[in-house]
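A quick write-up on the structure given underneath.
Which chain is which? They are A, B, C and D, in the order written, and residues in each are numbered from 1.
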Amino acid sequence: MTQLVLEQALNGLQFGLMLFLLAAGLTLVFGIMDMINLAHGSLYMVGAYIAASVAEQSGSFVLAVIVAVGATAIIGALLELAVLRRLYRRDHLSQVLATFALILVSNEAVRMIWGDQPVMLAMPEALSGPVEIGGFMYPAYRLLIVVVGVVAAASLYLLVAKTRLGMWVRAGASNREMAQAMGVDVRRLFTIVFAIGAALCALAGALLGPLLAVQVGMGESILILAFVVIVIGGIGSVRGALVGSLIVGVSDTLGRALLPTLLREIVPLEIAASLGPALASILIYLLMATILFWRPEGLFPARA
Amino acid sequence: MAEHAQAPLLQLAGLVRHFGGVYALNGVDLSVERGEIHALIGPNGAGKTTLIHHISGAMHPDAGSVRFDGADITRMAMHTRVAHGLARSYQITNVFARLTVFDNIALAVEARHGGGDETQAVIERIGLAGATGVAAGALSHGEQRQLEVGLALATAPRLLLLDEPLAGMGPEESERMIELLDHLGRDMTLLLVEHDMDAVFRLADRVSVLVAGKVIASGLPDDVRADAEVRRAYLGDT
Amino acid sequence: MHKLKLAALLAMMGMAAMAQAAPQNERVKVGMLSTLSGPGAGLGVDIRDGFNLGLKHLNGKLGGLPAEVIVADDQQNPDVAKQASEKLLKKDKVDFMTGIVFSNIMLAVGPSVFENKTFFVSANAGPSQLAGEQCNPYFFNVAWQNDNLHEAVGKYVAERGFRKVALLAPNYPGGTDAFAGFKRQYKGKVAEEILTKLGQLDYAAELAQLRASKPDALYIFLPGGMGINFIKQFVAAGLSRDIQLFAPGFSADEDIIKAVGAPMMGLFNSSQWAHDIDNPQNRKFVADFQKDYGRLPSLYASQGYDAALLMDAAVRDSKGKLDDKDAVKKALEAAKFQSVRGAFKFNHNHYPIQNYYLRVIGKDAQGRITNKTVGTVFTNHADAYASACKMK
Amino acid sequence: MSFYVESRRRRYAASVVLAGLAAFPLLAQALDQGFYVSLMSRVLIYALAATSLNLVLGFGGMVSFGHAAFVGLGAYTVALLTSAGAVSAWVAWPAAVAVSALAALFVGAVSLRTRGVYFIMITLAFAQMLYYLIVSLKTWGGDDGLPLAARNILGAGIDLKDDANFYYAVLACLVATLLLVGRLIRSRFGRVIQGIRENEARMEAIGYPVFGYKLACFTIGGALAGLAGALLVNQTGLASPNQMFWTQSGMLLVMVVLGGVGSLYGGALGAAALLILEEVLSGYTIHWQLGVGAVLLTVVFLAPHGLAGLATVVARKRHG
């Protein structure tokens, strides 16, 4: 039993880190540009599709990830220059409308290029099986995601805390006018940050592609989860995104694993059988509502 | 109720508020008597605006009490305090920029009742009768500050909290505002946070000095000016 | 000279006018209402393409009458579907409707179609309601009843002697119905019934649970993307070595195989059709579908194709008198067409009585990963709801 | 912008449109295009739903991302009551309004502690919870939805089964809603919620119980959404969890922003524009979403205040 709980906790950690890859870019863009970008999920989708194409042509997964990340960063930067840049000064609602339109456009563009049916993105042969750790078997590929998630979190931390770019980012997130006064080229900073966000999306898309369906609409379902994460963590805070990801990942996984069993102990079997899964489905939303009720600005508000 | 009539209009006892580990208010005791103009001075970062937030109800203290007209209002919501006669203005102009001067004042009057003539009367009192139909955002800085005071005034307060009403004003605008405040002081009690020492000593009946979240002196203007501790902590370095 | 030209012009105009005034039943109008946008679009597009291929093989005619197909997108949204169906019924006045993929859409659209006395030939959606008490003279299903494929796997799993089986489906009535269908034929021990969130992405928690409870077989009902997610993760977790995975045909057809690839190999699934079923019409269908669309047909495509053939038979056998509803109904019931799946006939509830096959995914002669038929599970199998249908 | 003022020109335009809408079924039937009556009924129902959201969003300043939940609750209430024998519209529809109002009261009471994006997400969270609960509830049909056996009974010899009659019932509800919302935003209540939208802290500081006003506005919006739901279930004959999914809430938001935030007719205009655009484009290509996306992007950049704002600009230019 303890072993099972441990394994589930690891699963939760892994799911959380998976969400973090997506949430980190979202929270950066959100915190610094004060921009609601619904099309974030579309960049994730585009990243996954590009990775799938490259992997099929070249047979190399590593190359696929690299090309997807690079190409999506360029697409992101172009998108920022052509469209999103004009939206920073607009209200959140205009941003919602415009980026919603971008979702429609990118979904259809992907359908026209890659077709209606889901495409394949296979994991590298070497990682396709399980390995033994701590007395139980764990998928090697999921361990890779844990490692990449940790590396991404650490490098983001270093980037934000230790580099000049990071200093600009922090300045921009807490006070845009001040940053401008300090001589930061805010326009270029925004383009760079957006490209980084897009690259993180593509990394998430390419890495999750072998575990999840690569299909039109994949961006929207995970986008909602990413929003839940950054809202729990506090918008604009990378640390908040990490903590939020882990909270969502662990509670969702443990909830699904344990709630039905626990309920069987408390209420009659009949009710538990229908209540358990229903509760597990809404657990993260319940969690978010509860956290926001007590902490209306999330756990780590970026602008205290 | 007789004892209430003698009690100070506003009485703060041991107000404490900390943010994280920093104490913004560290046991503030203060009383404002009926009918007086009471000035609150202190160096930057002393906690003056935070204190105004706590008196007006925008924030709630970790410890201590706020009594208004004899009643404990420590936990009372801001809008209820307004209904009891306790209104405030803001240090940074905080008006309805997209509404006209008339609509601004009418909103504040309507919080109590129908409005009508009273709106016009308030507008005249704050000296904006010539700009009734102008959007607040289009007024000059000085006029916006007058409107700022007007919004608080329109709630018909017994105690008016004024957070740096002269902030950013030129000499001419300042003079007009000081005159306005002087007039208001005849009808209601004022608690005035202000940096302009000339204005403070011209207007105030009593002065309190807030330093590092504590009132270190309170009394007649000349006494406070002469107070050694005040001179050392505050006036000395100006 | 001028007069001649004028006369010719007048004659042409007259002919054009006559063509327009031609009676309705000299052509057949079909309303193709399907899911053509969003995540479920792959299925709808397959049905549409299969139907169009059928029509092409019939030279663009149904029962000898020129056919016109009006395509509409239901967006997988009951609201939109209802709206689009009203348009097909009232504006375009179609003679037949087909194309709906999902049961909830079918149930939303059904009542107004039936009230309008328009025949619906379902090329996929087969809800139990319409098979049982709410069966309808105007509803024909040329695919299967939802439970059939679950039953087929249940029977096979029981025959293979698996003793400890786990079931997994999303938490909605379709999921619990799948369990019921499976258990109708499998009477052995069910180790675990796991209900997951609809649209779930990550299945690590469920996989750990399965690893702990050690069933010897697992039956999954996870439509669309959920199935892709699960199968990928199931294999990566190494569970495929100890647990035999089973699925209904629609979780293991060409669309899913194309998205998952090698991890699909060794998965057993049930279907009423397979691209390697050996009969002339199927060989032609599969070859021409690949030629026209550049991909192997899925079972959805085969169902769309059969829907076209069934309509052709109905128009032919009712002698093109499409307003004679009774004649059309009789012709549909007779179902005199060569189905690509081989033998086909309707039960009294207008759902098929047909064979169900077991398929396994592996590499074919050309090295493609695809389904291979390994045996027949049911012969002339009907659905469990027919007895509740009062129709004769 | 100051407080919302309905110009005479706009009111005049509205009455012309209303006259056109009233004549529409007669015209459609005369041209043997009865189908369009049903299409327009749906457009009008979404116009009502979007108008209710615009009250919350455009005038109250609250970006609710869960508004479809209240529409769906209204639909389920009617479907459940009707199957239990309460077939009268005079019972079922007010009940739908009441249930949605109660739900909005609860959701609002919890959610209004938060602001901005946090508010957006917490309202979304409640809608998603409701969606997943209903999908898993077999007794209410799960994702198959809950069918409505027949349209509700209005009495007075008006049979709603007739599409034209139903159309007029919907039109009457929409007009009543627009009159109600119009009157509401011109009232003291309306000025207060617009004041709150402009500057919430100051409204509190001049003595308004801001929370109470926002909650009241949110609840009224939810109640009207319930009415839209009651009509929708009569239109489609099915209460479906799809009607509550977040994409539907998003669609309502898009309608309001497209039409014009904080303009009385904005919601209705946006709903009509979007649905008709979808209808037309999807007749040509299955890639119609590309076209819709392009049109929305154009609107964002060329008409920042939505179609209603665009109409004002055009009118001003023409009349100097």
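Rule of thumb we're sticking to: contacts are C-beta pairs under 8 Å (C-beta built on N, C-alpha and C of every residue); 3 or more make two chains touch, one makes a residue touch a chain.
Chain by chain, the UniProt names read as follows: A = Amino acid/amide ABC transporter membrane protein 1 (HAAT family); B = Amino acid/amide ABC transporter ATP-binding protein 1 (HAAT family); D = Amino acid/amide ABC transporter membrane protein 2 (HAAT family).
Note that the coordinates shown come from a computational prediction; the quantities given were computed from them, not determined experimentally.
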{"item": "Mutual neighbours - chains that touch subunit B and subunit C alike", "value": "D"}
{"item": "A-D or B-D, whichever has more C-beta pairs in contact", "value": "A-D"}
{"item": "Centre-of-Cα separation between subunit D and subunit A, whole angstrom", "value": "32"}
{"item": "Where subunit B and subunit D are represented by their mean Cα positions, the distance between them in whole Å", "value": "44"}
{"item": "Centroid spacing, where centroids are CA-atom means, of subunit A and subunit B in whole angstrom", "value": "47"}
{"item": "Centre distance in Å when subunit C and subunit D are each reduced to the mean of their C-alpha atoms", "value": "36"}
{"item": "In subunit C, residues with contacts to at least two other chains", "value": "41, 45, 171, 195, 197-198"}
{"item": "Multi-partner residues of subunit A (each touching 2 or more other chains)", "value": "111, 277-278, 281"}
{"item": "Pairwise touch network: line, ring, star, complete, or other", "value": "other"}
{"item": "Interchain contacts, given as pairs of chains that touch", "value": "A-C, A-D, B-D, C-D"}
{"item": "Sites on subunit D touched by subunit C in the complex", "value": "33-36, 38-39, 42, 132, 135-136, 138, 141-145, 147, 232, 235-238, 240, 242-243, 279, 282-283, 286, 288-289"}
{"item": "Complex interface listing, subunit A residues touching subunit C", "value": "4, 7-8, 11-12, 14-15, 18, 111, 116-120, 122-123, 128-130, 136-142, 210-218, 221-222, 225, 253-254, 256-257, 273, 276-278, 280-281"}
{"item": "Of subunit C, residues touching subunit A in the complex", "value": "38-39, 41-42, 45, 171, 193, 195-199, 201-202, 204-206, 208-209, 211-212, 224-226, 228-229, 232-233, 235-238, 255-256, 258-263, 295"}
{"item": "Of all residues in subunit A, those that touch subunit D in their complex", "value": "30, 36, 83, 86-87, 90, 92-94, 96-98, 100-105, 107-109, 111-112, 220, 224, 227-228, 231, 235, 274, 277-278, 281-282, 285-286, 288-289, 292-293, 296-298"}
{"item": "Residue numbers on subunit D that touch subunit A, as the complex places them", "value": "57, 63, 110-111, 113-118, 121-122, 124-126, 128-129, 132-133, 136-138, 246-247, 250, 253-254, 257-258, 261, 287, 289-290, 292-297, 299-301, 304"}
